[in-house]
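Comments concern the structure below.
When the chains are written out, they are named A, B, C and D in that same order, and each has its own residue count from 1.
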Amino acid sequence: MKKKKMIISQETMDIDFVRKVEALSDTSVRRCFQCGKCSAGCPMATFMEHPPNRVVRLLQLGQWRRIIEGRSIWYCASCETCSTRCPNKVHLASIMDALRKLSWDADGPSKESYVQLANKLFLQNIRTYGRQYEMRLAAVFNVKSGQFLKDLMLGPKLIAKGKLKMFHSKNKNMTEIEKIFSRIEEMRKKGEAL
Amino acid sequence: MSSDNIMEYSYYPGCSLHASAGEYDLSTRELFKILKIGLTEIPDWFCCGATPAHNVDELLSLSLCAKNLELADEIEGDVAVACAACFSRLKTTQHVLTENETKRKQVEKAIDAPVKLNSNVKHLLEILAADLGLERLAAAVHKPLTGLKVACYYGCLLTRPTDVPNLDCVEAPTIMERVIEAVGAETVPWTHRLECCGANFTLSRPGVVIQLTNAILDSAKAAGADCIMVGCPLCHGNLDIRQKEIEGVYKTDYNLPVFYLTQLVGLAAGLGADKLGLDAMIVNPMPLLREKNLI
Amino acid sequence: MSRIGVFICHCGENISRTVDVERVAAQIGKLPGVAFSTDYKYMCSDPGQNLLKKAIQEQKLSHVVVAACSPRMHEKTFRKAVEAAGLNPFLCEMANIREHCSWVHENKEEATVKAIEIVGMMVERVKKNRVLPSITVPITKRSLVIGGGIAGIQAALDIADCGHEVILVEREPSIGGHMAQLSETFPTLDCSQCIMTPKMVDVANHPKIKLYTYSEIELVEGYIGNFQVTIKKRARSVDEDKCTGCGVCMTKCPQKKIPNKFDMNIGMRTAIYVPFPQAVPNTPVIDRDNCTKFKTGKCGVCQKVCGPGAVDFEQEDQLIVEAVGAIVVATGFDLYSIAEKPKGSPIKGYGEFGHGKIPDVIDGMTFERLASASGPTGGKILRPSDGKEPKQIVFIQCIGSRAREKGISYCSKVCCMYTAKHTMLYHHKVHDGQAYVFFMDARTPGKSYDEFWRRSIEEEEAVYIRGMVSRLYQKGDKIVVMGSDIAVGVQVEIEADMVVLATAIQPQKGADSLAQKLGISYDKYHFYSEAHAKLRPVECATAGIYLAGACQGPKDIPETVSQASAAAAKVMTLFSKDQLEREPIVARVREAGCVGCFACKKVCAYGAVEEKEIRDRQGNLIKVVAYVNPGVCGGCGTCQATCPSKSVELDGYTDEQIVAMIEAL
Amino acid sequence: MHAEKPKHDFEPKIIAFVCTWCTYAGADLAGTSRMQYPSNVRVLKFPCTGRIDPVFILKAFQQGADGVLVSGCHPGDCHYIAGNFHARRRFAAFRKLLEFIGVDLNRLQFSWVSAAEGGKWVEVVTDLTEKVRAMGPMTEFKELALEEQWSGKIDTPELKEAYNQI
């Protein structure tokens, strides 16, 4: 990533966005004093262009675009190591959740599409079936991501072991599920929820 | 439901136990039957949303879990959860909705019902270690797992974060060790008990998973373990299903069977291979179990 | 012929296990001059000491050698016992046969032989020991405090409250020092004036404190308990006794545009002035360099309007001599300036920050005056250049401090905290503004200090950026701040309306020349040196002189006040006796042999060597010889080893004693 | 500690001039720590190394010392502010003089041993003892002293008394 100079002013620091992150994650970004313990223990830090501490740092400066342009937030494994060990009770895993959500809302320009696609399909599955069906999820993911042969060798083995069920029954409470999804959409439209 | 049960629970198996982790579901039901613990599956439960839901839509995640808690509330007893991810989501939901009033109100609107936070969500480990108790568990042993060296793998979601699941100490838990030692097995101290296996990326970025999981397998092997014990179907998926693939990538040979905790405890309690779903395991446990005279 | 008593201690078995004590006692008993030689289980025990006392009396002993543990352990014990038995304590010596013999050797024969030699050596030495009378020095129970800042005020009040007279000397027209300039103080944000001015008034009203403001130390003579200090009281041009402090002179003075140093030259004052309204004493001073009357001879308005007739253009500087027994030095600090420094100076300025020529780049003390409710802007944060309120304000820490290249390697200790305070004051006063701080580390050790710093970020919304600023330059009416955020790893640029520099704390100008007058030492930055960094942190190596506050090193207010009270306690300890008693291990000059080369004076670290004139009965000068002041002498003996004519001797360690020991071998 | 002490033909005599604040205390520490070292050393205590006159060193050699050790506080740690610096300067010049008159400088050692360095004291003393042992007895000055005595010019009782009266 090219390292653009940061011009800092009240205009370039998007503090409103930071406030949204803080509300969603129920944690304070300002509490972080950049000790780096989150990045030290993060199993995914080596895959990120902005390690976790830098994500918080950029947020402190209101520079969220720099974060969501990259892949870092999508490479968070939600393992909660950072939140557990933070000396300042900064709930970084929740901040990551909030950032992903806001990035999605903003139709974030991140290059990381596979993780986003997997997430999308997962949620679609819930909306449609109420439960997760791994076989279907995997198949659709491979088709949509254009990796038709991915994990091809695992499939037959798993079917033989009874691990991938070819058929599934629909949940009887499906209408309830759909209602939850649509009520949330409605609330957001009305601005009652972020 | 037989009347001579000593305890009753509602049961939330989660999606995986109805699919790739069928053996976890099977061994859980069979084990609890002989321990005289009643499990009533919550009718028409939903997916908890797992990691993908809270990853991009916390409100949805909270609402799905709240709905499941509402369903569970209709059945007597605490909620027994087998999957570490479901356990984590349900516990987190209870924690967040207790602490944050704004979010609670939003969730109540989304599920169109008051949030029910009364039921106690418990992982199977807690039921075995605390509710049943290690003494009663030991008393149920028919065939102690003597000589079996087990690496207990917690992964990330069973204990973290601080103050949420409250299953055990976040950084130095012993609950798995206590349970499996109660049935006669030996446990090994090892370094990667709490490291993440990267389950979130199983589908999207398997390369990441292979790297992280390899480190875990390597640590367990180095510690001299015969096998690994898990309490999470997602961890199991990576450690067991991908083990051969990892061995290929890293040109190594682990051959570490990965058991669910209920499989090993069930084995000690005298359940047969068919009732433990041992044939569903990708890394064949039979040679090891034979070598240790456990089957 | 001497009658020496020798006592060999077993120390339980500590000595007797490897040293044949009986053989030692028998062998030593044969030495010429030894009248009595015995051994005993525990010499330091009560029965052991009684044995010693009894032997002295019954055997009429003239000298004593106790062969036991290290003299560092029990020399005092045995000398006391000897004194109780009627002998001069310095006629008793210890031979160390435990730490230096029985404990370090295993072979009994070897250890015994060595013990005999050690004791024999001490026997020969003690024969040459002389009666040393204890030395007493009278103490003048008045003290001098130099510097009227919070350190000096605290020390003066503490000493005076104990009933001892204090002479407080302040260079400026008013006491109060830097603390009087501050707006609020960390970590509680008390208003500085509110907590400072009552103390200043206490000083003015204290019957035991004699205050000399607008005065400086001219000369210091004497030694602990007996200093003579000459104070130069500069002409105020206003009679302090007549002046009522009404202030009419100041309102009428036509010279109104003189930058006020107290307001860091932002506010203006008149030629006859008090530096600030709460000044103590509230007596104006005429600044003769800027007064029309003094420059041209015309004007004199102040004199005309002064009702009591206090203005006195004829007043002259006065020299006053005061006798004191102790001195507390509390001269405080000065601030580093980024201005260009003369060539060759080890301290350099900041050319990259414009050498102080960008008007809206100010230092922390200037910001204090801006933020102070009684300051030149009435507490509004306004730019010096155009009086506008800055909306983007940048604070930069470690200016001068921790910058070896700039000439200072130490940390100034208080800047992290006062910068955090500045961001808070700014946030309280400019609600729509934003404060940024460039810093390298936040150093906040102190009670409630780190919490205070965190509050400036978490609650008062200061944006801290870790990384040093490379350059500042003016662009239109903005100042471009070129920095970097090392946590992100990118360059950062801020267009600021005002920049505040946390400049280093340095000792007061002239700290070195005052130190030379006092005979105390200082480090390369001119901070005064304490006698011991850990165990004697408020005392100077020169007896009777104590340190308080930032003149010894950067300090915040609570630390300064603690040190000032500690210095006062040291003064009171000294004053608790009428005479100062000291061990008589001092050097003594044999005047007959002294040729007056004063090589001894050059090597004496205590300044104890004085020049003494020897005159005949007619008063004709015969020669000038060295004289060692026993009150000041430290007792190291360097003079003796240096003296080419062997005319100075250290009592207790004479050449005779040492040669006797060597010859005993 | 030592199973068997090695026997030597020659036991050198070592005289140590030390300051009371650092090296003497360091030697005390070696004692309280029960460290072991050769018994050849005799310690003379001074307030400060600044007090040590080079004449004492000559005198020690005259009296039969085979090696001399001078030890005080580390530079900067002097209890008397700067005594050890004066000593250092003095002995630097003195060594040149000794060298000039043909004394093997290996017999004379200067070192800094602090009150905390019991181990260093043991090391310094042991090293010097072994070094001097290997060099053999120091005879030159002893002979000089004998000569002085034999001439009988300085050591008369009259002179002594006169000296004492000064």
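Odds and ends about this structure:
Just so it is clear, a contact is a pair of C-beta atoms (placed from the backbone, for glycine too) under 8 Å apart; a residue touches a chain by one contact, two chains touch by 3 or more.
Since we're looking at a predicted model, the values are computed, not measured.
Centre-to-centre, using mean CA coordinates, chain B is 77 Å away from chain D. Here the spacing of chain C and chain D, counted between their Cα centres, is 38 Å. Between the Cα centres of chain A and chain C there is a gap of 61 Å.
Annotation: 23 Å between the Cα-based centres of chain A and chain B.
Taken residue by residue, chain A touches two or more other chains at no position, since every residue touches fewer.
In chain B, there is no position where the chain touches two or more neighbouring chains simultaneously.
Residues of chain D in contact with two or more other chains: none. Chain contacts here run in a simple line, from one end chain through to the other with no loop closing.
Here, these are the chain pairs in contact: A-B, A-C, C-D. Residues 23-24, 26, 43-44, 47, 75, 77-81, 83-84, 91, 93-94, 96-98, 100-101, 104, 114-115, 117-119, 122-123, 125-126, 130-135, 137-138, 141, 145, 150-151, 153-154, 157-158, 161-165, 171-173, 176-177, 179-181, 183-184, 187, 192-194 of chain A are the ones touching chain B in the complex. Chain contact summary for the complex, chain C toward chain D: residues 70-72, 96, 98-101, 103-107, 110-111, 113-114, 117-118, 121, 521, 541, 585, 590, 592-593, 603, 605-606, 634-638, 640-642, 650, 653, 655, 658-659, 661-663, 665.
The touching residues of chain C, counted against chain A in their complex, run 391-392, 434, 436, 442, 454, 457-458, 461, 463, 465-466, 485, 487-495. Chain contact summary for the complex, chain D toward chain C: residues 1-2, 5, 13, 15, 20, 24-25, 27-28, 30-32, 34-37, 39, 42-48, 50-56, 59-60, 63-65, 79-83, 86-87, 90, 122, 166. The part of chain A that touches chain C in the complex is made up of residues 3-10, 13, 28, 30-31, 33-34, 53-54, 57-58, 60-61, 63.
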